[in-house]
């Protein structure tokens, strides 16, 4: 799959992006399964790559886009603090309809973080929980180890608020929608992975929504660098961590959950970075739905 | 709203939040009469002001002259009036049966809603029986109601049934494909071996064939056909016909 | 949420088919469904797919104080959770019968059989031992959760690596995985449970029942065995009467199945080990099948961020700065809180307006109740209240008598009492 991407993207991607991608992955000759090998050797024989290798820093994800750096330096000088946006997403993938019992299910993977979501609904609701004019949405987050605690409750609330804002709940009064999220592995950006898995599962169940949503996590490191989609190690060393839920129609912020201290300017930068990054995720949603319906049944 | 522009997008895959119709100002009308045309928005589309928004992900479909809808792969049934469904009797209390149709609420069925039923002559129905019934009341605000007679008081195939067969649960899309007027799937099935099929719009299908083995084969076939294209299905059926089962 | 009830025709058909030795999915009576075992990114995580039944097990460890009667043995803790994702019949929180039964069976199968050497988990006798915790999460229930859970649990235990510990005199050092390689648990044997479902009062039996078969079965026999043909646990439920020959036959079948499954687990462990040695990525992400149309994966992507800083700066510049100071609340007397500005009551004059407002917005009784609550708190804060008002929002009429010895509170009191009367009156009007 990686090989086809490179071939099609050759003309569109900038050379530095292309070489950075190939730098971090080695591709089998058959192109069937990509194994991520973090070394400077690339499996493709192309002089193009080799000439750009030297400009790339192997370990960090620093973007090598020259124009970007100058503009950021300009604003950095203007504002008096060092800010650069390291915007890269780890590998992400999803699978829909992987469970046979729930009405809709999806699993979303971001790098090593993976979350599985299952949706039931609209189904019967207990009288004590029913709402006369709309559906009752219940979100459950199950951690991998131990019983759900306070942290899971706050994550549930964040996900529930986002879902309630985008689902058309008034179409199913006095019924229940249950969304269960199971954390399969946590390597950073857990809440945004939960949001993405929830959105895909709700789409898979065929529930009526007014818009799609996605989750993006930004971390501000100790030296002011903004990292999107951080790993657990990056999160631990950051001084602030923010998760935003962005909607698909106007790219507005539906929900935000932040931890740590940051300035107003940094907040706005993170919001703008998340809005930009969300476009990738929405394009991914579109591609996966397109692939799903590609079979002419 | 101009249907000429809209039909260009038929077959496109849309996601919730997408806008379906564009404004009339940048399109040429198909007919030059100048009058606005009515558009019928089916499942998956909803109106918001003067725009049509997509509320489900799926493929946009069109039926002449002006019906548009989104076809999605869904499993959960939402009751709609006039549909024939297969229900399972859960409670038999007094004058009313409670029947599970797979929706968010249990439907009710009066004992008088059967052909030839009177207060003295009650239908012989036990808890756990299968019923083929039609929804007469089904909206989001009220409890669904079923009847086993049609407008003129005849059963017309509805009522209790089910001995000797097997009930399976399939997706709503497969059910629609089975019930379509010129259904390839049905034609292929007819050529396999003689069987009886009862299809409910709530995703439940009841099958019965001559022998237990044939019924099982049929049930498994239907469940796997859910995700197969026509050529794959025909290949599978051909393999079955050749091999012994 | 309730699960779909089973209809009589399904029940009859399944029983009839079993009498003809036919199963719903075409299996033979002693066949298992396809088992797929994969491991996660970190040590101790195991996914098991038994047909459509999916479970995940995760093993973790921590240092705790040992039990008093066993000071030099580690502790094993099992928790099987029936997640609402697995079936609409499972509810969150409530310990259903099935959950208790499965937990007990898993404990008996793994703890009582002493498959793990607990003495090797001791660090400092009487003070610190390792507590190994196994969490099994059910993801999809298509029957026979017990077998899937036992395979997942033992697979996860075999896969798990605990941190290395060194003791120097009184000091105990726990090394992180980066400092020293973690070490596996010492496992004596691998007990695996095999379930047999009985029908027609014990005449027919099936191995590995699926969900529909479980609903019509009379009873269940669970035999936990290891590949050395030692029975670790046997449990019969449902009240069926089994003959000795039946139980012997079942144990013979179980031994065959257990050896097959143990083989599968070992193969999966070996694959995982080689994959990790080769440095490849492993885990749930990699086990996702790519050829299905329901799955899609992209690679690491960079995102265009050229004008992020500009948009952020423009938003910050155009936004209104928040006020730097906040007006401090004025406190008339220490120990007294105040809501509103303590001016003369104007509610009596504005009664008509308030009624209009109420009618226009549909009578927001919630606001009234909160107003009442606020007044109540206000009164509570002032300690000199002799009569505590009981504000019952259901009552139509309210006669509120407030006694305040201090004169300073009078304006507030009149405000509050007439306010209440006013609100009560307006509510009375509304109820009309």
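As written, the chains take the letters A, B and C, and residue 1 is the first residue of each chain.
Note that in this section a residue touches a chain if its C-beta (ideal position, glycine included) is under 8 Å from a C-beta of that chain, and two chains touch if they have at least 3 such contacts.
If you want to know which protein each chain is, UniProt gives these names: A = Exosome complex component RRP46; B = Exosome complex component RRP40; C = Exosome complex component RRP45.
Given the structure is predicted, the values throughout are model-derived calculations rather than measurements.
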Pair of chains ranked first by number of touching C-beta pairs: A-C
Farthest chain relative to chain A (centres taken as mean CA coordinates): B
Intercentroid distance (Cα basis), chain C paired with chain B, Å: 35
Averaged-CA centre spacing for the pair chain C and chain A, given as whole angstrom: 23
Chain A, residues touching no fewer than two other chains: 97, 123-124, 176, 292, 295
Interfacial residue positions of chain C with respect to chain A in the complex: 1-2, 40-42, 45, 52, 54, 56, 58, 60, 79, 81, 83-88, 92, 133, 135, 137, 139-142, 279-281, 283-285, 288-290, 292-313, 315-316, 319
Chain B-touching residues of chain A, taken from the complex the two chains share: 97, 103-104, 121-125, 166, 168, 171-176, 203, 205-212, 247-249, 285-286, 289-290, 292-293, 295-297
Sites on chain A touched by chain C in the complex: 1-2, 5, 17, 20-21, 24-25, 33-37, 63, 65, 67-68, 71-72, 75, 78-79, 83, 85, 87-102, 105, 107, 109, 111-112, 114, 116, 118, 120, 123-124, 140, 142, 144-147, 176, 178, 180, 182, 184-185, 187, 228, 264-265, 268-269, 271-273, 276-277, 279-280, 284, 287-288, 291-292, 294-295
Residues of chain B touching chain A in the complex: 13, 15-17, 44, 46, 53, 55-59, 72-76, 78, 103-106, 140-141, 173, 177, 227-230
Contact set on chain C toward chain B in their complex: 4-13, 16-17, 20, 22, 24-26
